[in-house]
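Letters A, B, C and D mark the chains as written, and numbering starts fresh at 1 in each.
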């Protein structure tokens, strides 16, 4: 029995490692593909997908084993300074591993239809190579127990993501967002390097383990650096600056991977680092909760004002990261107070939302990509009526939209429910004024939910319902099955998690125990803490009731066939597609309500007089942090810096003078 | 015993919502010095609609047909979660309040989507207003729920506004008054009443809910009418319960509840008759006031 | 044996004058490089200790440096063959001979166990590198050579003055007047401290000029900008290393004399200052070869910073010496290929390198990521070690400033590198007949593989050697 | 012989000031040559006793510093047909003042360093410092390339003087100073200067400032 068990736990790690390696090399065979490409899929494309899918199956199998029983871990020497090849898959890591491999494999299949070698002869091979490397880097980092190994995985992921998102580097906007991404990710890396330096000095080891208690000073430094570093990657407002542009301009399956999985690596990092602090100060949780609330509300507010549907989805990532951070904040509060229910609810909510966001945001980006592939435009106001032309894509997007709004009976509701429960429970806490944190958090989350609903009703309606608003939309056709099947899988999973939440509860329990081992004795289980069986039951009933209702309507319609007419439109004689309510007008009031943060640039038409000229109303919202603060500041900085350039003036006499002055200064200093 | 109460609960859900509409209509007629339609007129209207045939726009898809169904089903489920008159709701568990709010959200999603499906500017406009204003009512509702949680220590609606509410009035009365007011505003907004919306206006540009369903007719419109009456009933039941926290004899409490609901309908009628509709731009301010009222409720509880 | 290693390149350099064919002569370079590399392997394996009173000898410190330099030169010499063949019309007699002489003098400087001999050798390195800089024989390269020579000479003169001061400090201490390093270290506790300090200032400024520490760096952008890329690689990886080795030797003497605090703070200050100056000049740098020169200034700063911080920083610094040298090899050689193809080193004229030259472009990009300290490339680990040493020493401001500068440098450098690498190549570049070939690409690939290797696997012998060297400098064997 | 050291060093210092104050290139080169000759004699004076080695060094110093390099510079001046340093970065008078100031400062500075007993009271160290300072001044203030070379020569004369303090103890050090002269003299001055003249037909460093940011 012992042998079997140890074999089993060994398998866990090696399965995941095998998956990682397969993912890493998946793009390599395709490098020798013919550049021109044949009309069908090349062998390289197929190989890449097959390798990645097989790797993903290995990895998911390994993670499943790890959830059943924690892995034995691998600990090999790694002769670089501070390095050990230490891999261990605990409940938290397993959760992330599953998500990484799932979305990545589906994205790879999607790529067969979306980014065909024959359509992208110049960058197809490159993209597939780096796509695999992103996957491998992420797996490595979530399994790493050594901080140096973590950094290696982190940077492989970051660089490979840069190279894949700038696949079409001949386009100027792609280059620009690539640069912003790279600068942001480097800042994150530097913060993390600093954090790990402090951590390793504080604990005396390079591992993710608090072998000795961390002093409060070091703890504060670690918290600030972790929020800065991981927050930059996760896209916590106001460190989200790279995210909208990058997600919008990357190929859609890369966007799905980045938004669905990659930014969660920041969350993973936060979770992992926080796990090292058994007694964090109270303000940590409040701070994280505050960051979460701000990201959530402002993220969705920015999303509503966007005209580019991929950019809109990107801002929703900021929002969802906010929700995840709120959960994390509740968990931290719970840990400070020793309140295990809060810890369990908050962390489970956060982690489940990580999963859910991967599912529905992946689905949304894939659907968006399908639309982009068919219409070649990202402008929402050029679309419309696609539900008739691309019914499956429309359905996929609808499922994603309902899920991301956190509506029952889909998965988004479950994780938001857990976070809500955590917030409500903390609002019921007896301590002083601490409960106010939760009391403000819950309405904030409600606001986020309502705003998200407004946004997704709008974008779904404007893209898929009504009449086409432009020529290219009118001619769109449904995408190939390579594109549709991954979407169907994700949509199905949204339903599974939403309807059968008790399946994931034990997985979350294990993750919570891995995070806060002190809960081991308390016997708290998520099934007890949260009404998951009720939700499951009601969700099922709701679904049945809806289907029943639809069936009744259909029967009724069969009996009394409906008359087909034009839209009534209050008696207009010839309502045209351009008269439809556009997404900009739909959002106008809300953008106005949030204009204090969004700072929209509005040009109002001047329609005075008897015969006004044709005018157009436009409203544009740039990213306030990036475009109004950071870029001008960088501009100023670079001008200031260039002022110093006169020292290198080409005159040798000046150069020699510098040497002389250095000597004099040093002699005086002596 | 519970079975009987649940049956009463279900019966009230079927019978009472449309009655409230009738009472509101009667009250308004009385204020206008008219006789007005009979109190049961809304029932007749809905039955008439259900018997009619359907007319669909060529622009629409299945979403348009699904909208009314989803709206009604979600309203029914939400209604099953709400305790009426202090009695245990048929479905209640810790955290049902979130499900309650989000079920209404799901209904809203599909109602608005169905409106957008017609491709008409008017319906899009109505949808935009609906979701915009709900962004403000939602936090108000949750502020109120937080106050109730804080007072009752529970996360289930049946406990929060259950038998213990009377006790809560004793030490959190001020907060409850504020929350009651706030929820009343939420109620007026969500069920498209003056001063936010006017269900009887003839100008599409000023409508919210009614303009969304302009293209719906026949059975679909019947479902919508019933669903919105149900929503009024459900939200109203919370307001009534907060206002009249009677829990003595279980049978008497049913009577008190029903009487309270009728009073509420009369009150709404009075409000509708005596107030003017707000300009659209002022509605957010009105709703913000609701948020602030319930937030103030939190502050008072904190004290 | 050590002498032979110096003589072989010298002889081959002499031979360069005899070979007539401009195309065959470059073969002498890989030959010399290979011979030198073999010689290095032999002497490293023999592991002979320094004998008393020997002018040449291998101690833990210069063993590391010698091995690294030999490898660097060999790879550059292979590249040089490919490069010179591409330019058949440019006479390369002096170039070849000087390159081999440069190798000989560099080896001498590294192996020297005598203060005077080392100084002479470094001076000779400077002199023999002048024809290398002037290879293109145009006004710009002439100006660069002139500046390099004059500033370098002033630096080396200061180093001589410093050597006199050090000798005087020994004289004043009344000690034996031997200027052999082992003797100096042994007698160090008796050295006169005021003289020692002054000597260290002069030596630091003098050799720091050769190393290119700010503000004595001003020759660097000109020299690296105008010289062929391979010369840049050799100067940035070779000559600066020799100068750094010299500084390390004097640092060791200061440590032995128990008067090192001042030297340390000086090194930290100038190290950070170099980084800052480099950062200033790398923001919006329009000339990618000058950018590399400033990057070299930055990394020289990191090297002395690591030494100044002490502790694990010394190990980090030595590791960084190797990492930086190898990565500079990647960058300079790749930049040279790009320069060859596009005929310009201005960013305005160069774009889409990765499309026009897929291998070189990719290597340039990878080299950029490596030099800016991306894990899993080697420089990350050395920089992290230095950072951690700063944190462990409680020098949080130093650590913070270090990171800030790394960030600014990254921001500046990346905009230049991305502009070169990304985008659509110009028509002129498309028409250029330059193509990547084995000799111009293989050395770069080897360089990059080594950099990557040092990031994923520091061979234990190397690690031991570095630890030994660090211990040697810190005087705790 | 020892008595002569002081006066000779004073002569060296005077030459320093002369170099700082004059604009005629020929005079500058001549003065540096003369300084080199004085240094040669100084070597002989510092050394106690008489040895062939010393004489050889003396002769070598005089030849290199007093004849060879100045000769080359004079030829370059003739070829380039330039006579004067017209506009130095700092005027001649301020330069002189700075030179004098530096000489004073060197005296003070030398006090802070403990001297070996045989050098106590000797001017060698301050004179060395002052000459180095002068060299730097010439290097940083003059525009003509020739003048910069002269500045470098002076700088290095100062170092030579410093080397004289070690003449007894470590004779090898002094040879090194001469070596430096030889190498740099031949390379920098001979070849590069020639190239510069051919390339720019001028020896003004203004032409040599194309490489800048």
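FYI, a contact is a pair of C-beta atoms (placed from the backbone, for glycine too) under 8 Å apart; a residue touches a chain by one contact, two chains touch by 3 or more.
Keep in mind the model is a prediction, meaning the values are calculated, not measured.
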Given subunit A and subunit C, the chains that contact each of them: D
Per Cα centroids, the chain farthest from subunit A: D
Interface with the most contact pairs, given as the two chains involved: A-B
Geometric centre distance via CA averages, subunit D-subunit B, whole Å: 99
Whole-Å separation of chain centres (CA-atom averages), subunit A against subunit D: 69
Interchain centroid distance [CA atoms averaged], subunit C/subunit D, Å: 31
Subunit A and subunit B: spacing of chain centres that average the CA atoms, whole Å: 36
Sites on subunit C at which at least two other chains make contact: 146-147, 150, 154, 198, 221, 281
Multi-partner residues of subunit B (at least 2 other chains): none
Interface hub residues of subunit A, defined as touching at least two other chains: 645, 648, 652, 654, 656, 667
All pairs of touching chains, each written as two labels joined by a dash: A-B, A-C, A-D, C-D
For the subunit D and subunit C complex, residues of the former touching the latter: 112-116, 132, 139, 145, 148, 152, 155-156, 158-159, 162-163, 165-166, 169-170, 172-173, 176-177, 179-180, 183-184, 187-188, 191-192, 195-196, 199-200, 208-211, 213
Subunit C residues touching subunit D - in the complex, by the definition given at the top: 116, 119-120, 123-124, 127, 130, 134, 139-140, 142-147, 149-150, 153-154, 156-157, 160-161, 163-165, 167-168, 171-172, 177, 179, 192, 194-195, 198, 221-222, 225-226, 281
Subunit D contact footprint on subunit A (complex, rising order): 645-646, 648-654, 656-657, 660, 667
Subunit A-facing residues of subunit B, complex: 53-61, 63, 65-66, 69-70, 72-74, 76-77, 91, 93-99, 101-103, 105-106, 108-109, 112-113, 115-125, 127-129, 131-132, 134-143, 145-146, 149-150, 153, 155, 204, 214-215, 219-220, 284, 291, 295, 298, 302
Residue ranges of subunit D touching subunit A (in the complex, touch as defined): 89, 109, 136, 139-143, 148, 205, 208-213
